[in-house]
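Down below are the structures I want you to see.
Below, subunit A partners subunit B and then partners subunit C, in two separate complexes.
== the complex of A and B ==
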């Protein structure tokens, strides 16, 4: 029984990992930027919400909406003011990654300065729960699962059915040829960073609504995101989903077999196993090697 | 004065900022490409042919100069434009070794080359699915027609149109790149070694296609080629680049017979 309960929790967490990892993949697959700044967005979204909802007393849906939009804008600004100038200067990917670490450091420090280091609770009520045949799911978990799944589904409809989807697929395949086909990749990037920002904002809000936040929640989440992204298969868009649910369930099993303290360690052991035995991940492309 | 499609003026380019260490790739390169002709561009490996195409198609910046493009009613300095607007003003490009969107199907690879292939604006067409579907049908029919014309009725590409393009052989990928160029109308095509590494029969077919695009639609074509025969068959005029300078210009026979060219290519 406990196992099934943990598996349910794992799948719900897996949905959030999938969404967050998908947002990372949208940036990486197209721009090849290892977007560490992404972790700051995960953290900043609930702080926007806290300011709007708890401090300014806006109603909850408006607060959610505005904090998602603000996070999206920050995501776009990171690309516009930092990554794009480096791209235009043809800087190496190391330079971009290091500047990305700089972004996180700055944002985390600013948030810690303004809001303090302590954990903030967004929702102090005892969470309402849904019980069925002995299992318990809390309302925040329901929000986490449903919002993640909805956004994921919308993204895949866009990817498969729309012109924007063709652009995203073409861009992630070949960023030179896509320009010759008439696409302004700098403008497209802003759009992609916007989408990615929305995704991580929703992940950040739904988790923090459940367990609260401090300025340092971004990095642990980013590690899960990256592991899900890598074991799912770099370059694909379905990979993050498989990777995300896989990590979520494995972490649940870890709690069952060992304890929650082992979660990160197990996650990394899995990453290393994958890197050695299946570096292309579950769905990685088999490149023509010769 | 004859009408030109492309006039390169005083073009200077080096890949390092330290001018003393490495010589300029192009030093005040000036050349005019006549409109409506097929022009062969020859030169040894590393002469800068591909780089010249990269500058024209705005993927690489240059240090100085202008590139005037005759758009029919006005002259445009290409160096003021971005890579993504060139398709819109009728310039198409075939790369030396970068032809496909690997994870897209063969058919999608063709469709993307069509006019308006992304819709006028992706966000608006997001909601105009019906109109988009109709346009797409037309594009698919066009793709089928082009493939049939090029490769015959039961051609490999159409039969395997839903396979990933990455599964194609390199020669096939190049052919797919050529077929994609036919999906929309151009005024100028830049072809970087269109026949390198393809079967002799296919090479003849490509030469024929190049001639046909040129004669039937009056498209100007600049073709980089190492193969004398291809140049002889396709080009009206030929120019030979050596060490960043135009070493010889003229009809293909003359260029191929030119002592400098023969020395560079054949060593005699």
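== the complex of A and C ==
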């Protein structure tokens, strides 16, 4: 019984991991940027929401909308001001990763300076629950699951059916050829960072609405996201979904078998096992180093 | 005056950390986010040797260095086949797992409660290294020793091999050199010297807990190294002095304590981004990370 309840929680969490990890994949598959700054976006969206909703007293849907837009703008600005100049200079991947660490450090500490280090609660009511045959699901969990699934479905429709989708797939396949086809990849990158910013903002909002936030929630989430992305398979867009649900369920099983405190260790042990034995992940293609 | 001595001791500890990390990051181009894990392993083994085994200074130091070296082999064997982002990721995994074990394995490490009352190490059965002046001397001797060893290493045939490897692995393989074994040696040497910093920290502060060895600390060590510069001895030394002195300077400028800590992090972040864009070799280094 406990196991089934934990699995349900794991699948709901897995949906959020999938969404967040898809946003990471959109950036990594196309630009090959190890976007650690992504963790700061996860944390900053609920802070925008807190400022608009709790402080300024705007209505809830407007607050959600504006905080998603603001997060998207920050995501685009990070690419425009930090990553693109390095791309133009043809900097190495480690240089970009280090800059990305710098971005996180700055954003996290600016937020901590403005809002303080303590945990903030977005929703202080006791959550209403849905009960069915002994299982309990809270309303925030329902929002998490439904919003994640809807965004994922919209993204896949865009990816398969529209011109933009074709460009994204082409970009993740070979960025030089995309340029040759006359597509301005610098502008396309901004669009991709925008989409990825929207995704992580929704993930951040839906989780923080449930459990609150502090300025340091981004990094633990990013670690889960990266693990989900890697074991799903780099270069694929369906991989993050498999990886996300896999990590969600594994973490639920960890709680069942050991204790929640070993979650991060088990997650990374799984990552290292994958890196050694199947570095291409579930869906990735095996590439040979030239 | 004690305040001044305290700063010098901290600089000495960071010199040990960064000069030995430089062998890995600067000489071998392996960007590691797991340096604080080695620092922590060194510190915990020092405490184990000093308290449980009740050993004097030099044997304890050797125990800590050997133990940390052995743990580094664990990481080396799993991660050396990986490149760039994947390698960074595996060191990140090592960092998270180590922290998780230090934090959660309460029966052995006392977890978040930490280990208080670490005894002063005995030197040659006569001297007790306790109090600020003996520590000043002890830490200065250890940091000069580390500088001396690494200066010698970098300018030795071994150092030239490492330089050749970071520039062109393939060329070195064709010359019949075993690059895997070279990298493993680098790992072992670099991390066992980091254990010295762990020993200094544990005996100086006389209290350790896992929060001193978390991911943020890893990022901090890496920032100190990258700000100073890679590839020579001068870079890490300059970096250590810089990151330890900056907060003190900010204090004299009259920044309120409530925001000083965040302000300091923001400045580090900004410096990292600016350096990566315009001067990837750091303030005093001679190697640009690839």
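Things worth noting here:
Here is the rule we use: the second predicted complex is superposed on the first by the 285 of 290 C-alpha atoms of A that agree within 3 Å, B and C clash if a C-alpha of one lies under 4 Å from a C-alpha of the other, contacts with A are read in each partner's own complex, and residues count from 1 in each chain.
Everything that follows uses one rule, which is that contacts are C-beta pairs under 8 Å (C-beta built on N, C-alpha and C of every residue); 3 or more make two chains touch, one makes a residue touch a chain.
Being a predicted model, the structure only gives us computed values, none of them experimental.
With subunit A as the common reference, subunit B sits beside subunit C without any clash. When the two complexes are overlaid on their common chain A, residue A:230 makes contact with subunit C while staying clear of subunit B. Once the two complexes are laid over each other on the shared chain, residue contacts for A:271 go to subunit C alone; subunit B is not touched. In the superposition on chain A, contact is made by A:110 with subunit C only, not with subunit B.
When subunit B and subunit C are set side by side, the one touching more residues of subunit A is C. In the superposition on chain A, A:173 makes contact with subunit B only, not with subunit C.
Of the two partner chains placed around the shared chain by superposition, neither subunit B nor subunit C is touched by A:154. Of the two partner chains placed by superposition, A:211 touches none, neither subunit B nor subunit C. Of the two partner chains placed around the shared chain by superposition, subunit B is the only one that A:182 touches, whereas subunit C remains out of contact. In the superposition on chain A, A:164 contacts subunit B only, with no contact to subunit C.
The superposition-derived angle at subunit A (between subunit B and subunit C) is 90°, Cα centres, a multiple of 10. Between subunit B and subunit C, the minimal CA-CA distance in the chain A superposition rounds to 15 Å. The residues of subunit A shared by its contacts with subunit B and with subunit C come to none at all. Residue ranges of subunit C in contact with subunit A, taken from their complex: 29, 31, 78-79, 81-86, 88-90, 92-94, 96-97, 100-101, 103-104, 215, 219, 222-223, 226, 259, 262-263, 265-266, 268-273, 276-277, 280, 288-290.
For subunit A in complex with subunit B, the residues that touch the partner chain are 158, 161-164, 166-167, 169-170, 172-174, 176-185, 235, 285, 287-288.
The touching residues of subunit B, counted against subunit A in their complex, run 57, 59, 82-88, 92-93, 95, 98-104, 108, 112-113, 117-119, 122-123, 125-126, 129, 132, 166. Those residues of subunit A that touch subunit C in the complex are listed here as 34, 82, 85-86, 89, 91-99, 101-106, 108-110, 112-113, 219, 223, 226, 230, 261-262, 264-265, 268-269, 271-272, 275-276, 279, 289.
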